[in-house]
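In what comes next, chain A is part of two complexes: it sits with chain B in the first one and with chain C in the second one.
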Partner chain A sequence: MSKNNGKKISATLLAAICTGLVATTSLRTGLSIGIAVSIVLILTNLIMNIFKDRAPSNMLILFYMVLVAFLTSIIYIITQAYLPELIAELGVYMPILIFSVCIIVQIVSGEENYSINIALKTSIGFILALGVIGIVREVLGKNYTAMLEAPAAFLTAGILLAIASGIFNKKAI
Partner chain B sequence: MKFIYILIAAFLSENFVLSKLLGIYPAIDVQNRKYPIVQEGILVTTAVTIMTVLSHIIYTLILEPLNITYLATIVFALVLFLAAQLTVLISKNMGNYNNREISVGQLVVNSVIFAAIFLSINQDLNLLSSIANSIGAGLGYTLVSILLADAIDRIDDEAVIGAFRGVPIQLISLGLMAYAFWGFSGLVP
Partner chain C sequence: MKIDAKWTLILVALVIVCSIATGGIYVALEDKIAENDFGDGDDIDISTLLPGATDLKKIDIDIPEDGSIRDVQGAYENNELKGYLIKTDTEGAYSTISLAVAITTEGTISGIEVLSHNETEGLGDEIADEEFTNRFKDKTADSLLKLVEEDTSADDEIQGLSGATISAQAVVDGVNTAVEFYNEQLKGGN
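Take a look at the complex of A and B:
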């Protein structure tokens, strides 16, 4: 049971990291998208745990999507008011990213179990991973501007994932 | 003429997967793929087009005149579910491949479908150009997933260092493919 759960978490984490790669041009954007996604994931899973017995099961995914979109637009509006320099960097990608990452995490981890355990572990790993990829790309990008372009995101993520799976001595998926 | 330029830009030079980094997970998720790649690509293209047409009409006719564009994310989420559901219906009528049916979840996982309308509205494109953008996005996703599946087939797993096997080498191949696609960047004036 615990092994199966661990495999699920690494698959969801991988899906989340792949989707969040747009935001890894610097440490600050990576961390802020990570924190926003964690807030939305944990809150929506808490709310869905209350409501999941009271709705027909084939409509739960629609309810979840609207809930995620609602919290995403609240976070987007708050960020526009208090952190305009973050919006200048991320722009319209911010709502796209928060929405997509939350939906992908939910669907990959199993459509109908809304577990706070998986949400917590995935969001901690997501914040750490985006922070590490962001700091590598920001530091190297000061001398080599090609590191800030899109292809370098794939290479950085691939090499860092390989290093991580080498250290923890298991395959990434 | 602008229609063709936008389509080619979304298809090759500003490919959604390789230069905008959207929809990477469904492209590299080869092990769990339950549906043939080309058919999945066609369904994704259909879903993006339906999504873009519906949400562009709703945005320009309802949200902008009433000045409630801050509700866009919520409305687009509803339209995304509708577009995914319609695409599932279309796929059922298209004939099922070995009794495998695509589900709403498999379509919603693809962030290209959700992102195309945001990027069109951000660039102030009209309806026709948005449709061109979304068709290019879907075709670009199909092209990249076919190329990547072929590349993964050719990778000799024995020759790869242990830690790089699986997803890391797939991400690195996507990165090299992205450098190749960078060569298209002067294609569209």
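Take a look at the complex of A and C:
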């Protein structure tokens, strides 16, 4: 079970990272999106605990989507008020990204228990990955502007994944 | 598939509660968000309006409550104040005309730009052309400007646009608002 769980988290994480790549032009944006997604993901799964044993299981995803949309809107509004520099860089992509990542995490993991455990693990991995990709692209982007273009995000993610696989001597996925 | 009426209602209720909460938070933070929105300040190239200036910075000054002045920024070259960029709104023939007026620290209008307007196409919209805005260039801010129909004979006169008198007058009024503000608040440094 635990092995299966690990595999599930890796696949979920990879799907989330690929969606989040657009925000990784610098360490700051990468980390910010990572943290924002984590807050929404963890809070949503927490609140889902109220519904998951009571509501019909085929309706749970609807509750999940409403909650994600709600929390994303709130985070977007608060960011607009207190971190305008971030909005200047990410603009409307910020809420779009948070919402997409949270939905994709739910769909890919196929998790019907809405467990905090998986949300927490995915979040930590997501913040770390976006932070590392962000810092690599920011540093290299100073000399090679191509690193700030979209394809470079996938290249960076792929190479980092290969390095990570090498270090841990096993398949990352 | 069985539709659960009770939970459908709960879902609808949840959507309504979430909407109200989002709306409430937005209203609570609305002022703060508006404060952060620097609007169209970014697309003004200050070096064309005020030769020599390179940066625009916010300056600490009270803007009149009546809304005639929208924003005042200092124009700097390497931290040396060269002049001011004053944004004003003025009522044209059919629309509100937004202007940016650059006045140097020496008291000369170094340039104006029409930021937005919705005047008649082919007539009133000539106010945004350089041919018209250049007529304000190098006018003194010591006195208010006057719109004349014929060729200008004095230094404080601006030649109008035939067929667009009201729009042209609105621009002159807007520039005069900025000039008045400059003379009252900004002249002689701050």
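Throughout what follows, the second predicted complex is superposed on the first by the 172 of 173 C-alpha atoms of A that agree within 3 Å, B and C clash if a C-alpha of one lies under 4 Å from a C-alpha of the other, contacts with A are read in each partner's own complex, and residues count from 1 in each chain.
Rule of thumb we're sticking to: a contact is a pair of C-beta atoms (placed from the backbone, for glycine too) under 8 Å apart; a residue touches a chain by one contact, two chains touch by 3 or more.
Predicted, not measured: the structure shown is a model, and the values here were computed from it.
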Now for A:159: first (chain B), second (chain C), both, or neither, which partner does it touch? first
Could you look at A:77 and tell me whether it touches chain B, chain C, both or neither (first, second, both, neither)? both
Which holds for A:46: it touches chain B only (first), chain C only (second), both, or neither? neither
Answer with first, second, both or neither: which of chain B and chain C does A:139 touch in the superposed model? neither
Please work out whether A:116 is in contact with chain B alone, chain C alone, both, or neither, and reply first, second, both or neither. neither
Can you tell me whether chain B or chain C touches more residues on chain A? B
For A:55, select first, second, both or neither according to whether it touches chain B, chain C, the two together, or no partner. second
Of the two partner chains, chain B (first) and chain C (second), which one does A:103 touch, if any: first, second, both, or neither? first
List the residues of chain A that touch chain B in one complex and chain C in the other. 62, 66, 69-70, 73, 77
Partner chain B, residues of chain A touching it in the complex: 14-15, 18-19, 21-22, 61-62, 65-66, 68-70, 72-73, 76-77, 91-92, 95-96, 99-100, 103-104, 107-108, 111, 149-155, 157-159, 161-163, 165-166, 171-173
Give every residue of chain C touching chain A within the complex, in rising order. 1-2, 4, 7-8, 10-11, 14-15, 18, 21-22, 25-26, 29, 32-33, 36-37
For chain B, which residues are in contact with chain A within the complex? 18-22, 24-25, 28-29, 31, 70-74, 76-78, 80-81, 104-105, 108-109, 111, 114-115, 118-119, 121-122, 161-172, 174-176, 178-179, 182
Going by the contact rule at the top, pick out the chain A residues touching chain C in the complex. 55-56, 58-59, 62-63, 66-67, 69-70, 73-74, 77-78, 80-82, 84, 87
